[in-house]
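So that you can tell them apart, the chains are marked A, B and C in the order they are listed, and the count of residues begins at 1 in each.
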Amino acid sequence: MRFERKDLLGLEELSPEEINFILETSESFVEISERPIKKVPVLRGLTVVNLFFEPSTRTRTSFELAEKRLSADTVNISASTSSAVKGETLKDTAKNIEAMSIDMLVVRHSAPGAPHFLAKVLSCPVINAGDGSHEHPTQALLDLLTLKKRKGRIEGLRVAIVGDILHSRVARSNIWGLTKLGASVVVCGPPTLIPPEIESMGVEVSHDLKGAIRDVDVIMMLRIQTERLEECFFPSIREYSELFGLDSEKLKYAKPDVLIMHPGPLNRGVEITPEVADGPYSVILEQVKYGLAVRMAVLYLLGGGKFESENLDQKW
Amino acid sequence: MRFERKDLLGLEELSPEEINFILETSESFVEISERPIKKVPVLRGLTVVNLFFEPSTRTRTSFELAEKRLSADTVNISASTSSAVKGETLKDTAKNIEAMSIDMLVVRHSAPGAPHFLAKVLSCPVINAGDGSHEHPTQALLDLLTLKKRKGRIEGLRVAIVGDILHSRVARSNIWGLTKLGASVVVCGPPTLIPPEIESMGVEVSHDLKGAIRDVDVIMMLRIQTERLEECFFPSIREYSELFGLDSEKLKYAKPDVLIMHPGPLNRGVEITPEVADGPYSVILEQVKYGLAVRMAVLYLLGGGKFESENLDQKW
Amino acid sequence: MRFERKDLLGLEELSPEEINFILETSESFVEISERPIKKVPVLRGLTVVNLFFEPSTRTRTSFELAEKRLSADTVNISASTSSAVKGETLKDTAKNIEAMSIDMLVVRHSAPGAPHFLAKVLSCPVINAGDGSHEHPTQALLDLLTLKKRKGRIEGLRVAIVGDILHSRVARSNIWGLTKLGASVVVCGPPTLIPPEIESMGVEVSHDLKGAIRDVDVIMMLRIQTERLEECFFPSIREYSELFGLDSEKLKYAKPDVLIMHPGPLNRGVEITPEVADGPYSVILEQVKYGLAVRMAVLYLLGGGKFESENLDQKW
């Protein structure tokens, strides 16, 4: 199989076969970061630009390291230093960057659909590193890879996604990915933070954490952004934590082999307690590790087969 | 011919032969960014520091990519993170950077003459990436290269430069470059934005856009910085646009093979309308593309002949 | 001898043998930055992350260049773009970065002990690039290397450290390093800027600059941070300069072969006059130069002997 798409914009448009193909490719990249020399010449001489209109440590760093381990030349452009402040349009900014003969663009933007728009106007591959509350496909792919590595399968798993579903691109991408691969999903949170027609995505809805996690294989906790408090989505952090924060007490209701995931950064004591985040069920740091492999795989696949697989085994 | 200067500070001090030599060298670098592997070992093991006291996306990115495609090690230092905020003098900042055994310094500064000052106190080559309203030599060189590629020659061309001539380093560098290579230049803008003694640079002055563009081969539109509005250089953006913004209507007065240039970032709807910016006469994105080649050539020439030309043909 | 430590956190915990071993290793790295091709494959394929919670030009740039000259892949993370602003704990930030299979972490933090804490929770080597007013070990090591190169020895030297001893990590690290290697130290400054029990570190205290520098081989001037003025540590900049600023007049009281050092950035006219900073006794720019060599040596030693010494002589 070859990956025939120009861009990676979201999991909504991918077929199960495509998602599985990315996951399989990712698995062969896990090992590269465990070598003494973590580098393969896959993207040597190619240029990848990371264009981030929202601040990000972990996603930007993960992409940057993935690019460097594939030997690409990388340039970071962040909103604060960008011409965007000078009133340039997004399209002009991107067309200008492309005119410098770049080979791939990784973009994060607060506007849902911004990467899709850029994918249309640019001839180089575009990777969505998060667009508003729409999609964050590499996050969902790394979550799927973590599940596959830990549970051996996605199909038939039951997954609870807990927290601010309304504003979460992580939730949305995971719902597409999980349901396409045959997992069932229950979303759980206060009514104000669950989008009204979410059931149409093929998920169940719960407003009771203890009930929701009772029979699931995986609990994905989402980050609560405290600015939502000011927007009156819930009355107080303390109340939110009591009802929807995961602690050892509530965890007793879960299955003994449950996995706990979180996309980070953690709000310790808000949506998750330290005992749970650092406890035996947590795979939070594995998610980060597999994130690098997933991003290497996506860059490799969109980079377009300039690379023969035997090179992966060859130290550079 | 060899390029004998230590620094590239402006086009004012360059001879026509030197400018032509840089343009010819640039042409051989255009092709490198079109290769599958866009990289030559010209500056391998050398260190280039990009010291930007003013924010910039396109110029900084263009230099950074040029350096990386020549295999240099590059470090970016921006004003916001620099010791400048701690009260260190410009000279001390630069001498400190040089003491780290760097090989070239690219500098942008709001003070006219800052790169010239650094060129005197540093023994390494200094490249001016824009100093106040004084010069922006690599921008003018890329404009000249675009003209040469599109028109086959510079000599005998007639060029209108339109907009805020007073504050524009792009205008100043282009006037030097164009007149030295035998083009004639008319500058056009409201009287408040034309420097009083500009004719001494060998250009004509016009305050009427339709008249100015009637018989020119090239129209270079300059960016209007909206902060100038507050400084009362013109009454309103709308009025400015009506008189000096380039739109399809005014473009009818130009020759049928006119070229339209803009250094970016564009203020769409202010100094140029979208139809014109994206229309068939526009070479704005070509300017960006040739900018990379010009910067590679300048870095290569100042890097000092550590490089034999046959290497350009050899993939690395 | 091998360097057996996992981390470089401060000079307090190092033995004289360990300090001397780092200095000797540094000497072999001085020459690399003088080569036409300033690059050795010592850390090829390894990843070093520079995590700076305080802004810094010179230390960050020096580390970044050291890493690149050792062929490491480097990523910079600064506080302003970091998840720290999103309320993530320091430990979580660091564990996340480590989960991306990084090989070394360079950290600057305003909290004394932050690097020591990270060294405990991370399995990769941690290098302290400055922690509050506690230690700045690579600065002291580069000062020691400068002395060794200039004076041929450390033992028996007499060194005055002048200025804001209370808040200075540079002073603290130098006191440890100098006294361990057999130099004697006098600290000099206004009583409000000398910590009460500083004598327990084995140094003399003086409040009189002329007296303090009379018989010393080296004067280390510290930077006065003007924000200390607001905190009422001294009445005015002018008064501070008159009493504790080094000028040509006061320098007459020093020995004819005295060396003058300053960690930078300089406050010209405050703690040091331009004549003295740029005069024949000043070794301020040599400090910067040796800083790079010291950082290359530390990265090499903590990188763990993946490198055979003959490679140092081999161009890459």
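We take it that a contact is a pair of C-beta atoms (placed from the backbone, for glycine too) under 8 Å apart; a residue touches a chain by one contact, two chains touch by 3 or more.
Just so it is clear, the structure is predicted and the values come from calculations on it, not from any experiment.
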By label, the chains that touch chain A as well as chain B are C
Using only the C-alpha atoms, find the rotation that maps chain B onto chain C and quote its angle between 0 and 180 degrees, to the nearest 5. 120
Rounded to a whole Å, what is the gap between the Cα centroids of chain A and chain C? 39
List, in ascending order, every residue of chain B touching at least 2 other chains. none
Where on chain C does chain B make contact in their complex? 33-39, 55-58, 60-62, 64-65, 68-69, 78, 226, 264-268, 285-286, 288-289, 291-292, 316
State the interface residues of chain C toward chain A in the complex, per the touch definition above. 44-47, 49, 73, 75, 77, 80-83, 85-89, 92-93, 95-97, 99-102, 306
